[in-house]
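Think of it as A, B and C in the order they're written, each chain with its own count starting at 1.
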Amino acid sequence: MAEKKSLTIILHSGDFDKAMAAFILAAGAAAMGMTVTMFFTFWGLNILKQGGVKKSKLSKMNMGGLGTIMMKRMMGKHNVASLGQLMKDCIELDVRLVACEMTMSLMRVSKENLIQGVTEIGGVGTYLKAASESHINLFI
Amino acid sequence: MAEKKSLTIILHSGDFDKAMAAFILAAGAAAMGMTVTMFFTFWGLNILKQGGVKKSKLSKMNMGGLGTIMMKRMMGKHNVASLGQLMKDCIELDVRLVACEMTMSLMRVSKENLIQGVTEIGGVGTYLKAASESHINLFI
Amino acid sequence: MAEKKSLTIILHSGDFDKAMAAFILAAGAAAMGMTVTMFFTFWGLNILKQGGVKKSKLSKMNMGGLGTIMMKRMMGKHNVASLGQLMKDCIELDVRLVACEMTMSLMRVSKENLIQGVTEIGGVGTYLKAASESHINLFI
């Protein structure tokens, strides 16, 4: 029997397009039966905050918010799942969502500020343990 | 006999310096006999468009285009291969160049707009399959 | 006996928050007994230059330097090690610090401009050899 494959993603960026890429990869991998761990640190932690998804902007061509709106419109038109929907899919598919403890201290974010799907709060050791046993490790 | 090593790269960025890094790694790995797959998504897809290499700019210190021009001049002076040359090398060395299907829809890019060396159009599953069997996986 | 785990990081970015993430990961992994190689290229090479740590700025919310100052103040308050301290820890823990030869040529950086902890100057082949034998490979 083939070994179960696994993926870890550090989401350091809070940009909309980077978060989209991270959740498309995570949801795709989980749907294919892979074990997936996501670790949210620095700006990436914002995505896990209540209301954080709505605030994220494109890393390029944002044009005062217009670029992000246009991108979302194009996504809807082409049946690409929204960032919020992808996150729900990931939670449903048991993707492990780890919030970085150090970033929470630095940015004064408490557990109550985070969305419900967050599975745990952890540090660099939590990430390194998962990554050292995984097949694909990405920093986004 | 040693196992053949393999590298995958997701190029999400369209920045000149990030694309340079990606193609230097890919060409180097292919020249060393490694199997290489590059997956072009979001802004990274622009690099695969006809004329796309010329439009890419430095992620920092672009200074209205001047920084990019200076960097290219320094590269020429120090015998660093140009981005266009590195892409030709990669195609010659059988690097697999995969264009992201979803990004093509979102950005209204058709197959005819892409350079000739593109080997296929694929999705997240195409990438995950290659990456789960590779030794080095990078997100750039 | 379990195999010794290993981590490689390409630091392409010169941003303060990206460098922090890289050195937190490297120091953490080395402290856990992992073999760690860091490869500094493009803007990331600036971090290895004498005085380079002090010049690095946040990738977002820098606000003319104010954001970086505030972040450093919060780090001090919450007992997060400074970037300079993390680099010292990495050197003490035998993290291999490789400066990219091509970037040194392009940016006219000589060996004398680099900090003392740099263990070697190398190219893409040096990186690929280390990464193809490592468990975790990140591009930051």
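Structural remarks
The criterion applied here is as follows: contacts are C-beta pairs under 8 Å (C-beta built on N, C-alpha and C of every residue); 3 or more make two chains touch, one makes a residue touch a chain.
Source: prediction; values computed, not measured.
Shared numbers divided by all numbers used gives the overlap of an interface; between subunit A and subunit B this overlap falls below half, so the copies present different residues.
Bringing subunit A onto subunit C by least-squares fit of CA atoms involves turning it by 120°, to the nearest 5.
Rounded to whole angstrom units, the spacing between the C-alpha centres of subunit A and subunit B is 24.
Among the residues of subunit C, those touching two or more other chains are numbered 137-139.
The part of subunit C that touches subunit B in the complex is made up of residues 10, 12, 14, 41-43, 102, 105-107, 123-125, 127-128, 131-134, 137-139.
On the side of subunit B, the complex with subunit C involves touching residues 5, 7, 17-18, 20-21, 24-25, 28-29, 32, 34, 59-60, 71, 74-75, 78, 80, 135-140.
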